[in-house]
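In this document, chain identifiers A, B, C and D correspond to the written order of the chains, with residue numbering beginning at 1 in each.
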Amino acid sequence: MTKKGIKIVTIGGGSSYTPELMEGFIKRYDELPIREIWLVDIEKGKDKLETVGAMAQRMWDASPYEVKVNLTLDRKEALKDADFVTTQFRVGLLDARIKDERIPASYGLLGQETNGAGGIFKALRTVPVILEIVEDMKRLCPEAWLINFTNPAGMVTEAIRRYGNWDRVIGLCNVPVHAIMVEPSLLGKKEDELIHKFAGLNHFHWHKVSDLKGNDITEELIEQLMDENNGLPKNIFDVPFYEEQLENMKMIPCGYHRYYYRQEEMLNHSLEEFKTIGTRAQQVKETERQLFELYKDPMLDYKPEQLQQRGGAYYSEAACETIASIYANKNTQIVVSVKNDGAVPDLPADCVVEVMAYIGAEGARNVAFGELPVAEKGWLQVMKAMELLTIEAAVTGDYGTLLQAFIINPLIPSGETAKQVMNELFIAHKEYLPKFKEIISKLESQGLKIKDSVVREMQL
Amino acid sequence: MTKKGIKIVTIGGGSSYTPELMEGFIKRYDELPIREIWLVDIEKGKDKLETVGAMAQRMWDASPYEVKVNLTLDRKEALKDADFVTTQFRVGLLDARIKDERIPASYGLLGQETNGAGGIFKALRTVPVILEIVEDMKRLCPEAWLINFTNPAGMVTEAIRRYGNWDRVIGLCNVPVHAIMVEPSLLGKKEDELIHKFAGLNHFHWHKVSDLKGNDITEELIEQLMDENNGLPKNIFDVPFYEEQLENMKMIPCGYHRYYYRQEEMLNHSLEEFKTIGTRAQQVKETERQLFELYKDPMLDYKPEQLQQRGGAYYSEAACETIASIYANKNTQIVVSVKNDGAVPDLPADCVVEVMAYIGAEGARNVAFGELPVAEKGWLQVMKAMELLTIEAAVTGDYGTLLQAFIINPLIPSGETAKQVMNELFIAHKEYLPKFKEIISKLESQGLKIKDSVVREMQL
Amino acid sequence: MTKKGIKIVTIGGGSSYTPELMEGFIKRYDELPIREIWLVDIEKGKDKLETVGAMAQRMWDASPYEVKVNLTLDRKEALKDADFVTTQFRVGLLDARIKDERIPASYGLLGQETNGAGGIFKALRTVPVILEIVEDMKRLCPEAWLINFTNPAGMVTEAIRRYGNWDRVIGLCNVPVHAIMVEPSLLGKKEDELIHKFAGLNHFHWHKVSDLKGNDITEELIEQLMDENNGLPKNIFDVPFYEEQLENMKMIPCGYHRYYYRQEEMLNHSLEEFKTIGTRAQQVKETERQLFELYKDPMLDYKPEQLQQRGGAYYSEAACETIASIYANKNTQIVVSVKNDGAVPDLPADCVVEVMAYIGAEGARNVAFGELPVAEKGWLQVMKAMELLTIEAAVTGDYGTLLQAFIINPLIPSGETAKQVMNELFIAHKEYLPKFKEIISKLESQGLKIKDSVVREMQL
Amino acid sequence: MTKKGIKIVTIGGGSSYTPELMEGFIKRYDELPIREIWLVDIEKGKDKLETVGAMAQRMWDASPYEVKVNLTLDRKEALKDADFVTTQFRVGLLDARIKDERIPASYGLLGQETNGAGGIFKALRTVPVILEIVEDMKRLCPEAWLINFTNPAGMVTEAIRRYGNWDRVIGLCNVPVHAIMVEPSLLGKKEDELIHKFAGLNHFHWHKVSDLKGNDITEELIEQLMDENNGLPKNIFDVPFYEEQLENMKMIPCGYHRYYYRQEEMLNHSLEEFKTIGTRAQQVKETERQLFELYKDPMLDYKPEQLQQRGGAYYSEAACETIASIYANKNTQIVVSVKNDGAVPDLPADCVVEVMAYIGAEGARNVAFGELPVAEKGWLQVMKAMELLTIEAAVTGDYGTLLQAFIINPLIPSGETAKQVMNELFIAHKEYLPKFKEIISKLESQGLKIKDSVVREMQL
């Protein structure tokens, strides 16, 4: 780190999350003496960047600390000599996510923006961009840490390591943060009275909990969770898990496991929303619109309550704490997506997993979890295969590889409908998928178009 | 082996397949000098046993060889000093399979009698019985070989080894036999001009093909297969594989992979049959009825043409050849379900896999296949997890374990419908599931019954 | 833990290390409020127990805390309701170790009391006793933690887990403590400016070091170590490592690796000592004698300087810190022998390894190290095989298994001499090897005796 | 294969083994219709090539078949359109092997020309040459099979696959052939009454044996082997294995395991020979001289008896049978060094192992052996590490890597003597080690020379 203080760069700085990030940095200023912050965005996001950037500067100005928030559309200018780079960009903005969700839904399938059909296309759009960023970092800030919370965070982190050959990367997610914060109260305990261990992939992990006597109290917690159906981030519909299943696994699945363990109900709920209030992305778009309205208020110099309602709460908390822990070698326990190194022995040592880790100056020191039971081991291995196929397709532009990813994905029933969804998503996102240019041209020449209903919706 | 000649015992000897088995033995008498054959069945199958048994004796009498076909309902009497035991029984007969298929179908789900919901319940019914047979064999014929072709053959073989601790077992299936016989003609070649390598699980394997120059010609064969959509056993609906997928995997999947790779179409086809001509089991039942009519003809002393039409053609061919190869240490290449020993390095060395093997006096000498590509590796690992959960549930009677098997099964969308299907199958098969007695009582006390429509159908 | 305060039991309490242990507890009383300490020993060690026990009580009396030090020969009385049990006993006392070293040396072989021929016999003597202790603990203090520093600490911990089925165990060693304390000064840094990662087995591990910028500075440290030949516990002869080798491995081996990497020099040095000043055990025996002279002084109420000179310095430091970290869930980083859980992916997840871990209420949270380079991976796998063979022999009493351990041990050249050493060690330790009773009788009936020279030496 | 008949190229064709090779081809002409044979050698070997080449032609002329034996020093001319290439060359001829043996022996260490210090340097000399040959083959005969019996055959085959990226290679050794031929008679059986399974590395494998009832009779065979101390190739001193060890492993080690299991006796025997009749290589040199005297006899047109006395008997038998099996897709069982593919699950699937395989048109179909017991697993892993380090050093020319290979090698006690041996071997072989040119210059500039005694011996 430079002696003068820390330079932080946020790519996708025009995001509505930025104020939470600022709040996190302000709170930790004593241990994380920031000198300058750079918010980077693209031309299309310029207005938002200016709005949220002005608000970010107001937040610092209202604090006791003198920090300059720089706004730029020039990523390279920002990256020069950065100490930490956080990524929270969306290729194609929320409109792309709306397509990720609505196109599958229009065929009666789940979009699911992280691990489903939507998530696969989000990865296809994101991987080429993040690999460009990594190339810039190699030249401009080779010692910087990349803190990624662009979804699908696990696949993006895997791509950064595997195809970008960049080691200084940590992927983050708010799902485990949520679990760790909510669970103690279910057991009438304080946060530091529970000990957590995680194993799995992003949005696909399990955890176990011990008390301060060193006893595994996961089963006790499962009982409480079943009673209260608590412990769930806001962006996941709350159909309960089957108690018999949880008793068998003796671990706690993450909220996203509902998509796998209660596929029918999650699909129905998602189709219901699709037909009525709009998909999750559409709801988020409205929330975002309202947030930006608030941010425009020149008197607002603190994070507004409403941001908490947004799905990704605690993301920024995790990000700021990760950065501070690296900088100050704090050894804080945080759940992260990082190189396995054996922590999850059922997966290869060199792939990316999501585990509990102690975060310090050299990055993540993963807590070895040990072998998983047979069911969870099987799930994990098939999901990692799906991830690897997806990012391989993103890098090679191979149609067959992507088809394999679609077919193996447990949330997508294979067959003609799935293939049509895949083809229509190609058309929908064509400007962000240069690797698939030829394939898309061929599909278009066959007359393939996005369904009218989806197009109409987008214009609303 | 005894010097006097070989004693062969067939459990489920009243099956319509028995004549094929006899034909196979007669054909191989020179290398496999059989002394006596015992056909064993249960009280309920007595009539069929007598019909097919008489016919079997006629076949031998029409041959140049003097072999006595003994019929018995006393398994222990038959097993005493046996050299080879073949198992082709169905717990609950075809009616049970009809329930396996119709109950899921009545909810819009796939029954699939081997790897789907139906197959899971078939395993639950079969595993306790096969483990009893193994216990008898330990006492009565500890040096005998068990040649299993009761489905789901992979899971049953796994249970025999893992829970029965019986090593001298080989599981058989006609699917690979079919592929090996059909493929040469697609390439304008003779059968001995192709070299096959298999890896996977029963009804879930892939293979590669080389020519006599040692060149891998799998891709050429894929092209032919796509053109002709050939190479498919009769019991599988012939929706074509996606060419792009096969080009990516560079291996040939088995026919049953259609259920996984074209889930939508296979489901629709199965529901269509359910609503019109009846499920596959119902069709088989009719075929069987006709076969037994033929078998009653006291003049019939050879395998009738019609048996070929039945799904399992070549099963018995594989069985007879396996037995002859063990007896005469022939080193014939046969695809079998046996202990892995590393042949499929992506699965544990001590689990059961389906691979090409050279069969000789010490059983199967598996051909090591090497690592699978990422997609197939993921599929294989999740399917083995499903198998292990199913047979563990069969042995322990644990509801949660079985629920995990249902939920992880790629052919079953998880959720309430799946759980109701599972519960209704419990009721339907209660007499064959003593391990689950308490659970079934509880379900019944909650008023759970089999759907009227399914009951009605069964009475037809 | 009981509310009244902590009960600590030390088996082998008559050891000369006990005052260091007391000092460690006194230093940490604020976070580790001990109520009572029980020092347990056997009849033969009664005098020492009384001497060191009185001294231990004096140390507490000189402190601000009121703690009772109980002395007993009745292990069961002591274990009742214990919170922590530490084991530092030597089956056969130092005299047994002298035989472990002198008998091999009399044949020109290395004794090496931890991983060599001597260490193998130390394990044979110790494993049955530790398994008895574990059985007592299951009944008398089933929630207690067992902190083992009886050597060979890795094998003993493996036996406790594998054959004793006891999970709450942590094996400790002073070698990594030494490295962590010495290395910063070599680089002109403070202790908290280096970050360590360890992987391997007890007395057979490697480590890597990073600085607070997150850069791996192991190579820089290797240079310093080669220059100064520092970082070595006192009980290991200081022949330098080959710089070319260390540069290749890019890790720092532990001091004991000298036995493997400089076998010739270590053997010559050990034979030289054998012939002149006596083996290490003989030197230690003299040191111990002097220490006990000091301990008898009724005015001595603090740990004397001279104890530092003894080989095991810091052992007790590690033990006290481990206990305090468990009790207060401190998450201190300590290098421990514990269940792998994947931290060293080159070894099975369920075996014991020595790794860096964060120690807290649920025990060790191992830092995943990732795969080792090819040479170190090979070494590790062969050494773990040696360990597993040794403890299997200790449990089964099988001569062939032990012979395999001897032959595979890299410090023992196989052949008649090695076999004679093995046989003579059987005779020498016969009273502590009840499992091998018949084998030893047979050897004695063949006229086998301990060499006169060794007997004579023992009587000195 | 070309229709006109087969072209076979033998590199190192001037070897004394060539007549055995010719005999093998003549015997198999019916199934292996050879058109032309090319014997390739280097300038230094020209005389021998002419002698043995003339004799080879006489052998064919005395046969019913018309085959031309071509002699050339131009490898490329020979390789053009070859169908099979066999390699039996020695870089540096027998004189280099004499140095490999005598230099270590002069320091009291084992030379051991395959897995010891000598074998390591043999690999260093051979790997660069075989990689050149492979490059030639890629251009001149890309469909040819490379049948390697240049030692150390396992390491050479590993190098061909790993660094040459050439798949069509099979490594051969006569050691397993010997075992398979000798063992039946020990049990009063015929050759086709035993079934063999092998696992391990070249000169480092174990095997198990079954009878025609499928029973494992390895333990019975061990008893016979211990009684008769039979089953040993001529080039290995016959100190017996320890019966207790063999009973524990329940497998039969290969003859070369004597070096590992009876290190002391093998070393003493080798030093004894060194001081009296000369090392093995010196004896072989004399045998070779005598053989070439015979070969000069223009009347000799058959393989002379005396060749049988030479160590490598059956090598050529294995080579000819391998070639015929590939050509005619015979599925003969032969023990070969090939890509593992899981056959030995304790080693990575992509490394080279030595296993039983069925040899056919696509090469080796390895028989999966299953997991090894703990001791043999450990041995195997450490030996594969030694092999990988050696060939890596051969390719990179890195001194530290080679030092690691020396230190990990179980036949070399680490330390100054070993390092001096290594350095002196560098000097001795400098003309064949271009990758180590700088290192050797440095050693020479420090005044390092080959010991006079070794030099003197060489001049004899």
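Just so we're on the same page, a contact is a pair of C-beta atoms (placed from the backbone, for glycine too) under 8 Å apart; a residue touches a chain by one contact, two chains touch by 3 or more.
Because the structure is predicted, anything quoted here is derived from the model rather than measured.
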item	value
Contact distance in steps, from chain B to chain C	2
Distance from chain D to chain B - Cα centre to Cα centre, in angstrom	46
Between chain A and chain D, centroid-to-centroid distance (C-alpha), Å	56
Contacts with two or more other chains, residues of chain C listed in rising order	none
Pairs of chains satisfying the touch condition	A-B, A-C, B-D, C-D
In the complex, chain B residues that touch chain D	1, 143, 145, 168, 192, 195, 197, 210-214, 216, 326, 329, 331, 333, 339-345, 349-350, 355-356, 358, 360-363, 365-371
In the complex, chain C residues that touch chain D	242, 244-245, 247-249, 260-267, 374-375, 377-379, 381-386, 388-389, 392, 398-401, 403-405, 407-408, 410, 413-419
